[in-house]
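Okay, so here's the structure we're looking at.
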Amino acid sequence: MKEAIGRFVHDGDTLVIEGFTHLICFAAAHEIIRQRRKDLTLCRLTPDLIYDQMIAAGCAKKLIFSWAGNPGVGSLFALRRAVEKGVPHPVAIEEYSHYGLVASFAAGAAKLPFWPLRNYRGTDLPAVNPRIKTVTCPYTGEVLATVPAMNPDVTIVHAQRADELGDTQLWGLYGVQKEAAFAAKRVVVVVEEIVAETVVRADPNRTLIPGFIVDAVVHEPWGAHPSYAQGFYDRDNDFYVAWEAISKDEAGLQQWLAEYVYGVDDRAGYMDKLGPAVRERLAADDMICEGVNYGF
Amino acid sequence: MKEAIGRFVHDGDTLVIEGFTHLICFAAAHEIIRQRRKDLTLCRLTPDLIYDQMIAAGCAKKLIFSWAGNPGVGSLFALRRAVEKGVPHPVAIEEYSHYGLVASFAAGAAKLPFWPLRNYRGTDLPAVNPRIKTVTCPYTGEVLATVPAMNPDVTIVHAQRADELGDTQLWGLYGVQKEAAFAAKRVVVVVEEIVAETVVRADPNRTLIPGFIVDAVVHEPWGAHPSYAQGFYDRDNDFYVAWEAISKDEAGLQQWLAEYVYGVDDRAGYMDKLGPAVRERLAADDMICEGVNYGF
Amino acid sequence: MAVRAAKELRDGDVVFVGIGLPNLACNLARATHAPNLVLIYESGAVGAVPDRLPVSIGDPALVTGSLSVASMVDIFTMYLQGGRIQVGFLGGAQIDRYGNINSTVIGPYEKPKVRLPGSGGACEIAIHADRVIVAAALSPRSFPASVDFITSPGHAGKYGTRKELKQPGGGPVRIVTDVGILEPSPDDGELELVGIYPDVAVEDVKQKVGWPLRARAKLENVPPPTSEELHLLRDVLDPDRLFL
Amino acid sequence: MAVRAAKELRDGDVVFVGIGLPNLACNLARATHAPNLVLIYESGAVGAVPDRLPVSIGDPALVTGSLSVASMVDIFTMYLQGGRIQVGFLGGAQIDRYGNINSTVIGPYEKPKVRLPGSGGACEIAIHADRVIVAAALSPRSFPASVDFITSPGHAGKYGTRKELKQPGGGPVRIVTDVGILEPSPDDGELELVGIYPDVAVEDVKQKVGWPLRARAKLENVPPPTSEELHLLRDVLDPDRLFL
């Protein structure tokens, strides 16, 4: 992970670490914080705790997002301090709705400059985001909204498994992981498990991202905690709830970063610090599905 | 099948039976021929033998397509007779490239009136298909090609399995089956196997089409022959090769229809006529993949 | 409110579900009068049957045993914009006279008094779902005459009426509150009182909104939750009282 | 031609493969100098390793053991238009002076002498792939000065030059024939002779195209297929001689 972040994430980059609730790569964010990257433009549908932590650590110059809360809990206070009061420093925002940002990734993946969608009529979003424009349908004359393409410098995808070449398999919620990867100039894949190429090839419909668009593959078990990996470990909802109090207090948040991010060398160190009880509480039960026949 | 075609396919409809080489529902086409539907607008990327047969049977008024050959073999002669000589009657054509027609289905599924694509510059396709137009990107000023949405009256999808509500699982080549289903006003799903809802729910990432957009589910083993169903039976390449001679000769083709379509009651009758040797030759070997863990 | 919101759902509806109260209401409806409800979450879970109350909209329990997992591109393009969603459930910090909803900012956008989470899927749900059900406790602060920011369009506003804007969906057709039910007027889309809960006075309801609230001549008398419904909510669906 | 076309592929290339000769050439390259070639078929198979020679572009043997199966929307938007394809292989009934390819009609479109299958993916492959390799036997009928219909754009033509049209891909950079190799001139994009096979005279090649063919001053001497290459093609890759 150290090497992948060192090589592929640079100051000033537009960075995407996606995953909708599922498979959010906190391990990569923590390594970026440790390597003290700055002036990043951070883009995600839901900034979630991951970007709240990166903003608190001073990595961010700008945030592109569509829903900025702590899901099911409350606020992201580091983000709010940066936006409302410029603490630790001001962070610019570019705001969409989910559909808008999803479409922006789809345009980026397709290398189209824009994406048309039937949206935003009657809302104030285009008034505060001039990047939302319109286009007229050449067939019906209907005026549709458009969003510009999102093409990040680097996308980091967390997934259940990949082979050493980066052929990546992912199940459970997909989010926009595939689109974010195809949209990016550089792609880092972080997985719970490195498997033989034969495992991937035994079930090719399960593959979301082909290895030839991947620049680095990192093996990092528990790399998504406190997010989750279907079939590996549950979401740490207790930690999401606890974050409300941690992030509300600027000093407390810095203390948390000092202890759990700067204070450890890597993800293994972080998991050791959390202790075995967390792992036991969150480890997934087995609910293994049947295979299908690829014969002919 | 009789009932599903009777209820959901009407004279004059725009009909899509998709499947790219894989999972082409010949059983549905034969039932449509037997029920003597006419004035259909037939749309498929590759008309293949299936629409060659329907054109020969006089079902078609118009054909929308992007590659009209017998894959790996040669020509579709019934189609060529209709287009070149108006035999048995003239069939109008609307022609795209694969990407254009794929995009047209994607627009239809998204209920957008058009889809933008970087294509057709420097080619003669827009000159012969006025439905290919252009749109100017509101961000870059780039002029992009557009195709209009394809929203068929009815789409027939063949798949490996579905539950009784039509929740449909499909693996191997996807083609544009999902997009064609979502684009349609009515959807008929034809499957090799009806399974319990629990089978679908055990592996939800394998599901391509949700039952609530499906109007009818038909259980029709071998319903795709001479096309194939991954994990069930191989493509009948011998028949595709033999079609060259059958379709070249108008009378021979009518004789083939009389024997294998009009001359049988249903798919079971057709398979009986082909005989057990064909089934034995084409039955799939077992190459069953491992399952994955959906636990948490 | 959860009980009352559940009653707005019809058996067989395809519902775009948010977390919290909407999720409770949907699962209550499934357990009572609408066993064939199809729950779709914007995270991609289709036909979810969560065996625990999901804390987040992307909970793993929404995936396990669901009918299908769709990419978010498909969810927004083919399912929502594709016109496949009958009911959307929305909340919001502010709801105005015409059903416009604000979940973005209190105060001006550039210098907000309170920065709220923003749209998420709320903007497009309000535009595309056949019917939108809104659940929110009534108060003058939450129901001003006009919202500070239109995140989700209602029936009329500074950009025109729903019809003028050719919105594909029906917008907020029922506003379920803690004291009564509001509905848009068929004439001008203004929200008016159409139902009232037991022991609530119409005059008290009128005090709780920021405009002169009209009440229909004939008000529905909304029955109180049954003990069975309360039992289901409190003991089965949300035993840890995460959202009650 | 298959042997010569195989040599145009570099190890690690991501190749959009058509059926027939392109497929043979790709599998020969994989078996010899380019083991890391990634074969992508427009049908959706990515990283295919067919254990029999596929008769069609959607053969089940392309799926079994492949790295990934993508939807056709993804193949054309994210893979091809997304700029992820290094090499596209095309054939065609006619190829003209500037590398424009016709696979649509001989004669006028409305009243064709011969109705060919049409574009399939050929149009967008010629526009987007970094390099396009064309394989076709040389004859005046197949190589006219200008094609009856432009299915796949070359380097110049009635709509302008490749640069003027801002085509993202490189177009047909090598035309592999049965007697020699053509390449577009760096100046004006006109195809010119750059390589010749053993025992073939330049004058004979010039007779086989419908325009005054220029030949480079220094011609590559293209070696004949080795016995190992012929053995692989005839005995291993296409033992039933489906395409040879």
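A, B, C and D are the chain letters, set down in written order, and residue numbers restart from 1 in every chain.
Here is the rule we use: contacts are C-beta pairs under 8 Å (C-beta built on N, C-alpha and C of every residue); 3 or more make two chains touch, one makes a residue touch a chain.
Keep in mind that what you see is a predicted model, and the values were worked out from it rather than measured.
Q: Provide the labels of all chains in contact with subunit B and in contact with subunit D.
A: Chains in contact with subunit B as well as subunit D: A.
Q: Identify the chain pair with more contacting C-beta pairs: B-C or A-C.
A: By number of C-beta pairs in contact, A-C is the larger.
Q: If you average the CA atoms of subunit A and of subunit D, how many Å lie between those two points?
A: 40
Q: Using CA atom averages as chain centres, what separation in Å is found between subunit A and subunit C?
A: 28
Q: Nearest whole angstrom, what separates the Cα centre of subunit C from the Cα centre of subunit D?
A: Averaging C-alpha atoms per chain gives centres 56 Å apart.
Q: Two or more other chains in contact with one residue: find those residues in subunit D.
A: 45, 60, 63-64, 69, 77, 81, 168
Q: Indicate the residues of subunit B shared as contacts by at least two other chains.
A: 111-112, 117-118, 142, 171-172, 178-179, 202, 205, 228, 230, 234-235, 287, 294-296
Q: On the basis of the stated criterion, which chains touch which? Give every pair.
A: A-B, A-C, A-D, B-C, B-D
Q: In the complex of these two chains, what residues of subunit C are touching subunit A?
A: Residues in contact with subunit A: 19-20, 42-45, 54-60, 62-64, 69-73, 76-77, 80-81, 100, 104, 109, 112, 115-124, 127-128, 149-153, 157, 159-160, 162, 165-168, 242.
Q: Touching subunit D in the complex: which residues of subunit A?
A: By the definition above, subunit A touches subunit D via 109-112, 167, 178-179, 182, 197, 200-202, 204-205, 207-208, 210-213, 294-296.
Q: For a test of understanding, state which residues of subunit C touch subunit B in their complex under the given definition.
A: Residues 14, 38, 45-47, 49, 60-61, 63-69, 74, 77-78, 81-84, 168 of subunit C touch subunit B in their complex.
Q: Would you tell me which residues of subunit B are touching subunit A in their complex?
A: 111-114, 116-118, 133-140, 142, 144, 146, 148, 160, 169, 171-172, 199, 202-203, 205-206, 228, 230-235, 284-296
Q: Which residues, counting only subunit A, touch subunit C once they are in their complex?
A: 20-22, 45-46, 65-69, 71-73, 75, 80, 83-84, 95-100, 102-103, 105-106, 117-125, 128, 142, 171-176, 178-179, 228, 230, 234-235, 237, 240, 287
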